[in-house]
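Both of the next two complexes hold chain A, though its partner changes from chain B to chain C.
The block that comes next holds the complex of A and B.
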């Protein structure tokens, strides 16, 4: 008689842990090709700008997803690393003429150092306490930078214009398209990295900590160590976006670079799209960021905060009907196939 | 038989409540030790003290001739003590296989090897068909098996099981007992907390009985069944205060 259980075990052992879903890969490849070709369709500047904002927030929200979605720590002051990245590259460019490309790396380094320094004491906290602590850290950095004369205090920093378009100086004045490709590249690399992280040993351990820190410890996982690792990775992802954003707008100040609103928007994006899922932040971004940018067009200035009102309404609807985010609209069976 | 775990005068109080008072016992390699006691006897606290989740006020715990006092839970796990929890703690948003892989990764295996090892263990607990189900989709009995499998994946020398039959229907109980016996036959020493007397009597080589934080008996099942202090504790006999 054939042993049914043995057959199942043999079959299970032959299964890939992460089966390749070719349909899904085709969709991604086609989407990337479309994004690469998009500027050739001669879009308006606004549309290029909109896409840049989508890439920017998709990366920033993925960064938040790593700490909150993968490891379960709700940070409300994540903008700190965005600000550090922006200020580091801008300051080094203004004072020493250092190319922003190097500035981005140095900004990442500082962000990682700050993540370790604030992470070691704060990640002993959990839940609401951690969230409140990060909120206060965010405000503290804004206040410190507002009073720090060396880096322009409240007036901020004005990055000197180099009139020639220059990849070395990361300044382009004739067109936004070079910025588009830079942001697109970082966006693709970030999502590829997040996807690999999710499937890695670290990813497994982070998700275990998110679901139950006590049970994770019983399986030999050092919870505090892995939380700090997640915090460092998250900081390293968002920091370059601060540098690139600074190069994009060329004027930065503490109000903008350490804005609490940014921390909240990236949180809303992830909650709306689906927390803990690699594609959740992207889904949330492509809904919320166009909404925000179009409301600026139709209502002027900052959009009259109409976007925030709509955000609030959408979040309420999501929390009531889809607490796991829009990604949960995909049936479990399909999620199993494209787990990340 | 050599001693794998030695607990010496372990005490813990929460405010004015003595959860454990001078508990002393030892566990022999390869045996199944049952721990019984009415609600609030201090059974789960004892587990938490041994596995590092709670710090003792006094006393010591020696595992494989090494003190594990004040060691953190993850380090104790790495030394070879696995455990399950009274209140189930599965990783809800992950599949059964992924849950067990997390345990297997603790042994330093690559992901592929961890997967293969996890599948063997899942097969051992008779859940191979459910390997791709999310933990949140499993029944209580299946979750109990998941926790056993996950703890087993860490390669423990000593497995501490907190009420494996608690909250499951009677049909599920024999299967769970079989699994514990299977794990024990693989050479794993087991300490199990149980409320179900039939289960504990049939499963254990020796039984430690606790009542109100104190050890009231430590003997073989047959003797425990006839022990007056144990009968008193379970039937609500009045304890006479002594100095």
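The block that comes next holds the complex of A and C.
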């Protein structure tokens, strides 16, 4: 075990932090250009919506990947930070007319504070205890927000409509394309950040902690400090998505913003794609989100359970046959070629 | 606030606690045996409630009489769960184990939603209903009966594990399954038995609760949360610990609801959980 940790650390020292692999960068650039040009092909509104959902869940599951995949703490109540982000920006906009852009930052700030407050007592927990505690935290936040009169209690908040498209108010009623570009930007930034994090010293230390906390502590890594850092980063990634999602649907309530289902879906996405791998969550999202959106069309509103039915089944199959996720199906040779 | 109200709360807390205890015992047994937390425990509870509901609606069997049937169905589904899912992930990483049982819970819950819609149902006019009054304190008859059955099953479970040869084999496997295998115990069969007993406990609890509880696909989540807390409180793997912890959780829930605010019940229980796991991670009765 110690060898393994050592290996990771020496690997970290030898590899340059900025490997330049042009082939890989070409693929990424082409993909980004296609995504930027996509709205010009006059797609249906539904397809734009589908892409927005893909970006949303890709970012949210990356956030979960940072905490669970990189640092090995399985949080089952990650939706808490999503809800805090959404509620903060919406509340500040409704009460003080503050632009959601600043609301997003304040939401991130609150999420980070909550992450620290939750993280410190939970540091002593590991494994099942941590997972169960986060599950309970998710439900507790939902209960608190359902009873909190200041922010509309169970009926939630309605973001006042402003009948002109405005970047300042972050509301667009004519088309979804501005939302598309906003989500796309955040998506690209998040994956760039996650990729850099994965290659950074922090990333290697987090994985060392995940694989063997005691050995990494003996190598001078402050385990609790890095666990908190992972928690903070993860909260900071998911919180803006809550704010943007609130701006996108314009009505938020505790049922939706603190939905247990969201925590489940991001977990399933990451496990399906490949946990601990930067591109795993993206692969999982590309498979699962269209599946759920299309099943909603074919089976109607209550068809919401069909997608989860399939998710649950798939996840059991993956756990049995491919615990490393679908990304491990891509042949090693190909991965080495485009190795990040 | 009179003394009667407090006694009332204590009694209803104890009655509820017996149910939590039996649910937690199943969870604890499975964990103690193979180190796997069954995150689908609440969904199994939900299934057993639905089974006894359908037996009542379609065949007119009262939940009291359908109890053995539900118990058997759940025990068989436990064996199925072991053979088709758990067997493969015994040696996997903890993350995979958590995700697998979590996936099972998602699957069962959405299956129930798909088959039976998210409607609330209940067993109408069961054999045991109404309440009795003792010195100004009201006790629901179904609740009383349910906790009686739960305590009885607890006794049987305890006797089975400590007194019979199979029970001892179960304990040996829980301590060290490789050593138990060298002594000629088929650990795979014992694991399957553990799942059968663990889910059988849930079957009894669910069947009894269908007498007086609404039945809907999400009903299991809250009970599972309480069961997780009770298991952590009593110590993972300790059957007797989960009985006492279940009663404590029931008492905290009802007294907290009475003295502070009933809408925050989960928060009090959660608070206790956090204190316990931080200061005594092995639980009150764990080793």
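Just so we're on the same page, the second predicted complex is superposed on the first by the 309 of 340 C-alpha atoms of A that agree within 3 Å, B and C clash if a C-alpha of one lies under 4 Å from a C-alpha of the other, contacts with A are read in each partner's own complex, and residues count from 1 in each chain.
As a working rule, a residue touches a chain if its C-beta (ideal position, glycine included) is under 8 Å from a C-beta of that chain, and two chains touch if they have at least 3 such contacts.
On a predicted model such as this, the values are computed, not experimentally measured, just so you know.
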{"item": "Touched partner set for A:312, first chain B, second chain C, both or neither", "value": "second"}
{"item": "Winner by number of chain A residues touched, once chain B and chain C are compared", "value": "C"}
{"item": "First, second, both or neither for A:323, with chain B first and chain C second", "value": "second"}
{"item": "Which of chain B and chain C A:23 touches, first, second, both or neither", "value": "neither"}
{"item": "Partner chain(s) touched by A:215 [first = chain B, second = chain C, both, neither]", "value": "first"}
{"item": "Chain B versus chain C as contact partner of A:140, first or second or both or neither", "value": "second"}
{"item": "Touching partner for A:42 - first (chain B), second (chain C), both, neither", "value": "neither"}
{"item": "In the complex with chain C, residue positions of chain A that touch it", "value": "68, 72, 74, 76, 121, 124-125, 127-129, 131-133, 135-137, 139-140, 143-144, 147, 260, 264, 267-268, 271, 275, 302, 305-306, 308-309, 311-316, 319-320, 323"}
{"item": "List of chain B residues in touch with chain A within their complex", "value": "51, 53, 72-74, 77-78, 82-83, 85, 89-95, 98, 101-103, 105-106, 111-112, 115-116, 119-120, 122-123, 126, 128-129, 131-132, 134, 137, 150-151, 153-154"}
{"item": "Chain C residues touching chain A - in the complex, by the definition given at the top", "value": "31, 37, 85, 88-89, 92-100, 102-111, 113-114, 117-118, 221, 225, 228-229, 232, 236, 263-264, 266-267, 270, 273-274, 277-278, 281"}
{"item": "Residue ranges of chain A in contact with chain B within the complex", "value": "5, 8-9, 12-13, 17, 199-201, 204-205, 207-208, 211-212, 214-223, 276, 332, 336"}
